[in-house]
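Here the chain labels run A, B, C and D in written order, and each chain numbers its own residues starting at 1.
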């Protein structure tokens, strides 16, 4: 059981929609669609992925991190370090 | 013919790889992989998409925008405004 | 007392360095320095600010959020919602 | 003369406002303001810096890059490569 288990289906749907958008961009490139229109779609997919990442981070804090913090300060701190590194990767990407 | 036409196949390959990565994330979520590992993959896909966007932007400047600037100042300025808006969407996403 | 209190002086120093960099960019613009060199500095300051934000987020999770989670599930959840919104703003900016 | 010369004063004003915001964040940290409120301000300054960067990029394309493209394909391409690298740094930061 992980943070996102309760909303797993919702994330599954969002990822399949993103997969369809990525396939759509590949098709746009194949059909020589105007560069700017391709770029607009790439920005949209990037934002959709960030939305998934933000949701997963929140679920992870609510479950794994909060449980670890209640279990012991050491376990809490370990999970928080790990979460902070994942957040840093998201902020910097 | 657009900016990316000469390197269309390369972009096609990159988008198919990204599509595979997105499908991999959907599978990770379905198989209850640890949230932090899912987040690491989401960051990797976001960076891969940004790489495609940066390449498309450069190709667009090299072809469509440079041609328009050589054609007339007005056409050049119009294409630059449009490119600047696309760049703004990328920077802000 | 907040998450960053123990390392307050360190953050104070980083912010003063960033302030100096921002003033340096204003001077570069005033002295007509080449646009690309100004942009390089703006990217450097943006990254420095993100570094401060990531540090503050980690400290906040380690102190305020972990304490709230230990105090009660409700308080923990409230702090986590609030932190997740701040993280979303960072990721999207 | 660079791309931003005509609007130099406007950029000067924006950078001084950002400098004031950065100083405000240093003061918030010094006065132990709640972490989340500090983070909100850091996100606002990051967005303001991105706005300056986007404006400078547009001005650079409209002037330096467009002039180089009109001057010769080689000069145009050189400036576009340079601009694309600066845009990549902005997108990735």
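Throughout what follows, a contact is a pair of C-beta atoms (placed from the backbone, for glycine too) under 8 Å apart; a residue touches a chain by one contact, two chains touch by 3 or more.
All of these numbers come straight from a predicted model, not from anything done at the bench.
Engineer: Taking CA centroids for every chain, report which one is farthest away from subunit D.
Structural biologist: A
Engineer: Would you mind telling me which chain pair, A-B or A-C, is linked by more contacting C-beta pairs?
Structural biologist: Contact tally favours A-B.
Engineer: Which integer distance in Å separates the CA centroid of subunit A from that of subunit D?
Structural biologist: The answer is 27 Å.
Engineer: Measure off the straight-line distance from the CA centroid of subunit A to the CA centroid of subunit B, and report it in whole Å.
Structural biologist: 18
Engineer: Just the number, please: Cα centre separation of subunit A and subunit C in whole Å.
Structural biologist: 21
Engineer: What residues in subunit C touch two or more of the other chains?
Structural biologist: Counting only residues that touch two or more other chains, subunit C contributes 47, 50, 53, 57, 83, 90, 92-93.
Engineer: So in the complex, the part of subunit C that touches subunit A is made up of which residues?
Structural biologist: Within the complex, subunit C contacts subunit A at residues 47, 50, 53-54, 57-58, 61-62, 65-66, 69-70, 73, 76-77, 80-81, 83-84, 87-88, 90-92.
Engineer: In their complex, what parts of subunit C are in touch with subunit D?
Structural biologist: 1-5, 8, 11-12, 15-16, 18-19, 22-23, 25-26, 29-30, 32-36, 38-40, 42-43, 45-47, 49-50, 52-53, 56-57, 59-60, 64, 82-83, 86, 89-90, 93
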